[in-house]
Amino acid sequence: MVENILNSIGHFYPEISIVVTLCVVIIADLLLKRENHTISWIFLAGLTVTGLLVLQQTGLNTSIFHDMAAVDPFAVFFKVILIIASLFIVLFSINSRELDPYKSRLGEYYMLIAGMILGMFLMVGSTNLLLIYLAFEMTSICSYVLAGFTKRALKSAEGSIKYIMYGAVSSGIMLYGISLLIGITAATDIYGVNASLAAGIDQPMILYIAILMIIVGIGFKIAVVPFHFWAPDVYEGAPITITAFLAVASKIAAVALMIRLFKVSFMDTASVQIIGDWPIFEGLNWNMLLAFMAALAMIAGNLTALKQDNIKRMLAYSSIAHAGYILMGFVVLTDEGITAIMIYVFMYLFMNLGAFYVAMLFSNKLNTESIEKYKGLGFRAPMECIAMTVFLIALTGLPPTAGFIAKLYIFGAAISAGWIWLVLIAGITTVISLFYYIRVVKNMFFFKSDGISEPLVFDAGSKVILFMLLIPVLLFGIYFTPIIEFARYSLKMFGM
Amino acid sequence: MELQLFGIGILTWIVFIPIVGVIIVLLLPDEKRNAIRSVAAAVTGIQVILAGIIFKYFDRSMLGINDASSFQFLEQYKWITVEAVPWVGKIEITYFLGIDGLSVLMVILTALISFIGVISSWNIGKMVKGYFALYLLLVTGMMGVFVSLDFFLFFIFWEVMLLPMYFLIGIWGGPRREYAAIKFFLYTFVGSILMLLVMLALYFSVAYTNTATGETIHTFNILHMMNPANYVDGSILAGVDTTWRYVAWMALFINFAIKIPLFPFHTWLPDAHVEAPTPISVILAGVLLKLGTYGLLRISFPIFPDGTIYFMYFMATLAMISIIYGAFCAMAQDDFKKLIAYSSVSHMGIVVLGIAALNTQGMVGGVLQMFNHGIITAVLFLVVGVIYDRTKKRGVNDFGGIANVMPRYTGVAIIGMFAALGLPGLNGFVSELFSFLGAFSSFRWITIISVTGIIITAAYILWTIQRVFLGKSPDEYLALPDLTAREMVAFVPLIILIILLGVYPAPAIELMNTSLSHLVELITNGGN
Amino acid sequence: MESTFLQWLAEPGLTHYLMVSAILFSLGLLAVISRKNVIMVLMGVELILNSANLNFIAFSRFTELALDGQMIALFVIIIAAAEAAVALAIVLNIYNRFKTINLNEISLMKG
Amino acid sequence: MPGKPANDKPTYDEANRLMELSAILFYAFTVLTVGSAAYMVFSKNIVHAAFALIFSLSGVAALYVLLYADFVAATQILVYVGGILILILFGIMLTTLDFTENLKTVTVNMLPASLLSGAVAVLLLYVFFAAEWTTIVPADRDGTMYDLGMMLMNEYLLPFQIAGVLLLVAIIGALLMSTRHKNEP
Amino acid sequence: MLIQLSLIILLAPMLGFLVLIFAGKKLPRNGDWFATGLITLSFALSLYLLITKLTLHHGEAITGTMTWVVLGNAAEAGSLTVPFGIMIDNLAAVMLVVVTLISMLVHFFSVGYMHGDVRYSRYYAYLGLFSFSMLGIVLTDNLLMMYIFWELVGISSYLLIGHWYEKKSASNAANKAFIVNRIGDAGMFIGIMILFASFSTFAFGAIFDTVAAGNLPFNSTAWLTAAGVLIFCGAVGKSAQFPLHVWLPDAMEGPTPISALIHAATMVAAGVYLVARVFPILTADALLIIAYIGAITALIAATIAITQFDIKKVLAYSTISQLGYMIMGLGVGAYTAGFMHLVTHASFKAGLFLGAGSVIYAMHNALHKKNDHHTDAQDIRNMGGLKSRMPVTYWTFLIFTLAISGIPLTSGFLSKDEILAGTLAFGTLSGHWLLPIIGFAVAGLTAFYMFRLLILTFHGKHAGTTSLDDVVESPKVMTIPLMVLGALSLFVFYSFNPFGASSGWFFAAIERPASVVPALMQPATSAVFHDAVSSMHTLAMVLSILIAAAGVLFALAVYQWNKVSADRMASSLGFMYRGSLNKWYFDEMYGSVFVNGTIGITKILRWFDENIVDGAVNGAATVTSRISVVSRWFDNTVVDGLVNLSARLTEMTGTLLGKIQTGKVQTYFIYIVFSFIVLFFLFI
């Protein structure tokens, strides 16, 4: 017992480090209470340490705390992504003017982010249904508060109340689903669930309901149609740093959670024919369900985005659409598909963060998030606008950017598995997506700004961050072998 | 045949030297406009010289098409390699460049038109730096497509052209430029997505076995895709004459037809042409449209010979409609640029008719027509550009009597127009002749109907000449200056080519003869 | 038939508890959807959580799940408390901003 | 399996009587739980609703007791009735300016809401009723506290710790959202 | 040797073109001497070549080829070499002399006529281009090259008709000429394609050999007939045969020497030359069609010529009519006669035009002196009585008129007589008696209208409003060519027997080639035909003299002696007269048929009523521009509309989906629960 716990702690350093960071931030906040970004740098240091500790876990493939969680390449891959996203969010926060009035509360801000990171780390690693729920709630509760962090802004307040209401109901439904799943399988960890189902599905109807209810919960986190309704409102209301964090990190973490849960629990290990193929339990065609949802997400996300004027809201719908593309990889039920998802989220991380970052820079200077107000910016801030263009065409999926590689692999996986109709929908919606992405570009470059034409000057620091995002987007569009190798390597899950 | 400079192959040079230009242009300060222009001119000038070297050293007797060893100036390096995975095999994307008789003319055309485009861009004054940076990027994309032998690389270059073109139309274009730009972008993008899907399907269907190591390797290599033996059993595109192969062929065809553009995928073209600045119209009509037919010949035909034969009549019918329809539409236009744009639809229809015939004459005629049409429309758009520069008007009915005012200009314009009309002695005739001759052997009635297109062509071209150049000159135009020296630099090489290839086309035909005969044989033998 | 049904009624087993939880769940859902007041919605959520907990406890009694079910129920209660605290804090903030806690009156953002 | 095995099995009669008793209690508490819950949902007065919820949750606690989950039942009473509901009541007080007017809350979407909830209820009830359960004979326990404590420190150590962090974060978050800071309006 | 010589003949005018187009204005006298010198050189060499050919190489064809393009891999099957070749047989040799001679005379004439023109050197340059192209047609040995030069003469004709392009009517006429020709050329091109697709060669000799060996295009005689008829389409366009004859009268907008050279003597005769070239593969059906087309053309044009008042228009219709004769001659099998008529017609028709040019030149100068810019210098109603003022012009004109009317002792009599004999023979052989009837009728009409023209122009009193005291004879440089042509219009150059050409050198040099088509499709053989002609010859001669004389006398009666009133005759013929005056409404018909094609015949009739005046509507252009308007509409509305519709739909769906996003959380809950239920039923 005790050895298990002690061993487990040895494999739990990143999470511990996050908790320590969390505490340090609170204490530092109490001690410093200065209205500058010292606290940000402290937090950044904590995150860096955590990141290094995550990297140390490379190669591990083990279970900790009595099968509560797993430390395996799959989890490490996602933790790396989450840490990268978090680091960028901190850098964004340092540059954000929106947070300035709340400088005295940055301690709480970072603490909540730390809480979210902890929750997400657990989400990607947990193998126990209770821990899954707990991690889920951990992430949610922190993000509810963060969404309303700029609480004097009405939209922010509204976003947070909508978020928590929606989240509470969704997680309630999911919990009910979990209770049913646990009940019919009499197991609390996902391996047990699988073993029980493998022995025979006694209660198919209840199982369906349970799976659906769990999908409601995870779908809420991924913001996939038809459980996406909160996303636009919350994304628009939340401070832009948090919007970016929600759109990237918590979505990716939920994807990881879903992959692990479904792959471990709902797949028929006994009938594996080809390595890398996932046979599902007979009669349990949840991939059809996901295909349907993916198609809906791509259609609804892209179509609704067409009409948006607020850049954050537009990116919100775009991220809904991207959730659809990600689910496409899920539908394929092969390791190909999962690799494609992993490549996708990796690329998505940079390009989406990039788009949010440029939007934030503009919002800092112009105090607006309206795309219409971007007119003529291409001549006032050429560098930023070119970067924005690159991020947007990457989101569209045009070469030679990372976004193209992401789409290439997702489409490729779907085609190789014969999901032609889904790929066609994806293709058509990609074309539609071009419309709204390019509208931003059009506004920036094709119009003269009304009256004002003096250049917008951004400091060197913000440019450095821009390049840190821009370079991967371009580089991975041309040379992406390492990413693929990394993703392929990270396919390994504990117990599979 | 290999030519290297500093250890880098000539094709890499010719493709990427504009990128060097882009970097230099971006480093120069905004104010040094002439320096920026000179860099662009120098870079494209070097391309012309390299194209000349290629022309000189190109071995006219090598087959190319599906045989890697008979491609010339070959360069192949590993680019993306993912080590073997149990159920897929090794994955390979290569940096694979080479030219054969099919592409060599296009490379020369691209180099030449790019250079002339730079010359005619000289008086663009709005954001010179951005303009030339995008322009040179576009040139890289175009050149890259013509020399890539790896589908992935081909696709990347194909897409790289999109964005610069979008900006060049959208920022430097006319009043409805944003509409035109987005229309161009969307049309082309729809096609690209279809091509992407087919590319992926091909990728998963094709695997070759490395003889040395015995590995099964999935590859984007176009040449491997042409070999039926490389198709994995049970994969989506395996077999001959299957539904999926037809679907794939059709998807590719739509992509290329949009680019060509064939009826009914052509409506982006008039808008794009009308709104684009002159040099961009020149590039668009001179090179970009050829990418469509080139793609058909490089990808669709040899990879899907079964589909090509199956859809032969379909292609020819669309080509026929394009020829007639484009000509009629051209006649109805009042806008000079739109008129030429529609004439491109008509003339590119002839290319498709020729290549759809799947015989040597038609194929040679078609490819030659690609080259000739590139030269001729370049001249015509430059002609419009010159008059637009001077009068800021483009309506055909706005002019009259220009012949008396600008004799040199009129001479150049009339040669260009006569070439478009298919006058013997000028290059357009030769290629149209062979295209029709070839087509007639394959489709009798379609060709007969298509030939009536040349009557309509004659009608609208003569009518245009009459309205613009003949008659009495209005007073406001009496003082228009004739062509300047710089404009002559742009025109003269093209005019010389028009006449030279009209009188003696053999040098051009020699270049492609062997390869195209081989291509015809390849298709008619079903890919073996 | 009738007697078996009566007998079934007389012996409350797993099914009975599950059905109670189902009714609670539906009532919670109804409250969540139909009540304008944010706090009523929160109370609806509490009902949903309790229905899930009832399931856990029932399963822990009637299946091999044993005490694990009770354990989970304990955690759920804790989480519910945390969530309620945060939710009420947010409600207070909303009240300060909008001077109302009617959910359908708080919709600046739509479309 | 941790926990003490049940030594003394009740006789048949005793069992029967117990069964009857438990059935009666079950129905009584069910009526209490469901009834108060229904009252809560349909009540116009929010304070009444809050008190109805207290009764309903207490009923649930009683059902826990019937299910031999004494510790959970106690926690339920403590945390819910003693904590969450008080919190809710405070919430009501703090967000209601005029008690005579604003206590009444209106419903929205009543028709679709009842239809959908009804549908869910019918669906769940049907599914649960139709399900054939292979239940094990309920093992009677003396108490669960010891076993739960052991588990909490072993298998459930990680969730326990995480729950602690969660509470910390939640408290600070709640403070952040509900308090006014020095330079806030 | 002769090949090199022919190359010099061919390229000399081209050299003139190149030099003049680039440096014309820098040369002294704008370079007219240069062009004229070159064409004179060509003429001299042609004459030498003709004599050499007839004397030393009488029976053989001299050929030389050069590879132009090689298609396909030489090692593989299906490869193809496209040669450029020269073939000089007697036909070509004669034609060379005709072309260079007329061209040379026109060059000289133009020195006077075009003196002081704004684009003088450009004019000579185009003349050079034309001569080059025409000589190319004559010299080529294959259909492809024929087609190439065919188009080139078309473009030079276009350039020359539009020489005075400031005038709208001139540029309209140029366009019309080219476009109508293109219609014919398209047919010819299809014909060429049929032959090429079957035989993989363009060369006349090779095609004839292949057909002779029994190969047919697509194994069908119908396709062979089609090929012949389609190639003949080229001739229909170029030689202004019905129904494509409408361009030639309009082409008179060009300078008059051009009308003489291109639109009377040489280019329009190229069609006849083409038919003569491909004669061996023409089947009996094709020949019959050709004969009838020729006959119809001859008749229609002659009837129109009667009523025209523009001196050049009369000559233009006369040209069409005579070309019809030639085509008819070839069609019935009177091969040599048809071709001979081409040669004789070239000289006298060129003479007529140059004479008309001389008159116009004189009139123009006279009117110019009076500052009269309103009187039409070409309208014969404004002339009359010029005989005394322009004696050389008058006398030469008289000779040409006699020649064209077919009066004995002229060259025209010889050739026309042979054609008429041929038609009569054809009538006896095949029973198509309509052809000789039309032939003789046209002969009479020709005599009538030509003398009408002569009388109204030169005889009688001056009829115009202004006096023509200032009219003087044209300068020598213009009259000498007239005299040369006048001499050439006499019988002696073609046959020493003034009543029969068949014994002359011409008939000896030009022989009808043997048909190569399958026996069933062959026309009557040379021998059979020859016998029939011999038997009919005297009859034809007598009839033709009588009819010509009747025509002349009638003309004299009406216009010279005023025995019959022209007006009364016109009004009594009523509808016939109006039809003729309005050129049988061809222009209008082409305009209206296509425009209102689908609407119905009633509208066409109404249109006839409303539009009596020739609106100079270019038929084909109107039609096509109407169609093009429709297709533009289609393009903008339907094709683009579909695209826009899908865009609109996309947008609408987007808006609709946006509506779902109400901003109210509880509505979202409804969606969740609803989707939950839906998904559940999808799932199970």
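First chain written, first letter: the chains are A, B, C, D and E, and each begins at residue 1.
Following the convention adopted for this analysis, contacts are C-beta pairs under 8 Å (C-beta built on N, C-alpha and C of every residue); 3 or more make two chains touch, one makes a residue touch a chain.
Remember, predicted model here, so these are calculated numbers, not experimental data.
Q: So which chains count as neighbours of both chain A and chain E?
A: Both chain A and chain E are touched by B, C, D, going by the contact rule given at the top.
Q: Taking each chain's centre as the average of its Cα atoms, which is closest to the average over all protein Cα atoms shown?
A: B
Q: What are the two chains with the most C-beta pairs touching?
A: Looking at every pair of chains, the most contacts join C-D.
Q: Report the chain whose CA-based centre is farthest from the CA-based centre of chain E.
A: D
Q: Determine the centre-to-centre distance between chain B and chain E, using the mean Cα coordinates as centres, and give it in whole Å.
A: 39
Q: Counting in whole Å, what is the centre-to-centre distance of chain A and chain C, each centre being its mean C-alpha position?
A: So the centre of chain A lies 28 Å away from the centre of chain C.
Q: How many angstrom between the C-alpha centroids of chain B and chain A?
A: 42
Q: Could you please state the distance in Å, as a whole number, between where the Cα atoms of chain C are centred and where those of chain E are centred?
A: 98
Q: Two-or-more-chain contact residues of chain E, please, as numbers and ranges.
A: In chain E, 658, 661, 663, 665-666, 669-670, 673, 676, 680 touch at least two other chains.
Q: Which positions in chain C touch two or more other chains at once?
A: Residues 18, 25, 28-29, 32-34, 36, 41-42, 44, 53, 58, 63-64, 68, 71, 75, 79, 82-83, 86, 89-91, 93, 103-104, 107-111.
Q: At which residue positions does chain D touch at least two other chains?
A: 108-109, 112-113, 116-117, 120, 123-124, 128, 131, 156, 159, 163, 166, 170, 173-177
Q: Could you list each pair of chains that touch one another?
A: Chain-chain contacts present: A-B, A-C, A-D, A-E, B-E, C-D, C-E, D-E.
Q: Okay, in this complex, where on chain D does chain E touch?
A: Touching chain E: residues 108-109, 112-113, 116-117, 119-120, 123 of chain D.
Q: Would you tell me which residues of chain A are touching chain C in their complex?
A: Interface residues on chain A, with respect to chain C: 129-130, 133-134, 137, 141, 144-145, 148, 151-152, 154-155, 157-162, 164-165, 168-169, 172-173, 175-176, 178-180, 182-183, 186-188, 232-233, 236-237, 307-308, 313.
Q: Over in the complex, which chain C residues touch chain A? Could you list them?
A: Touch residues, chain C against chain A: 18, 25, 28, 32, 38, 41-42, 44-45, 48-49, 51-53, 55-56, 58-59, 63-65, 68-69, 71-72, 75-76, 79, 82-83, 86-87, 89-91, 93-94, 97-98, 103, 106-111.
Q: Give the list of chain D residues in touch with chain C in this complex.
A: 1-3, 19-20, 22-23, 26-27, 30, 33-34, 37-38, 40-41, 46, 49-50, 53, 56-57, 60, 63-64, 66-69, 71-72, 75-76, 79-80, 83-84, 87-88, 90-92, 94-95, 105-110, 112-114, 116-118, 120-121, 124-125, 128-129, 131, 133, 135-136, 138, 144, 147-148, 151-152, 156, 159, 163, 166-167, 170-171, 173-178
Q: Across the complex, what residues on chain A touch chain E?
A: 161-162, 165-166, 169-170, 173, 204-205, 208-209, 211-213, 215-216, 226-227, 229-230, 232-233, 285-286, 288-289, 292-293, 299-300, 303-307, 432, 435
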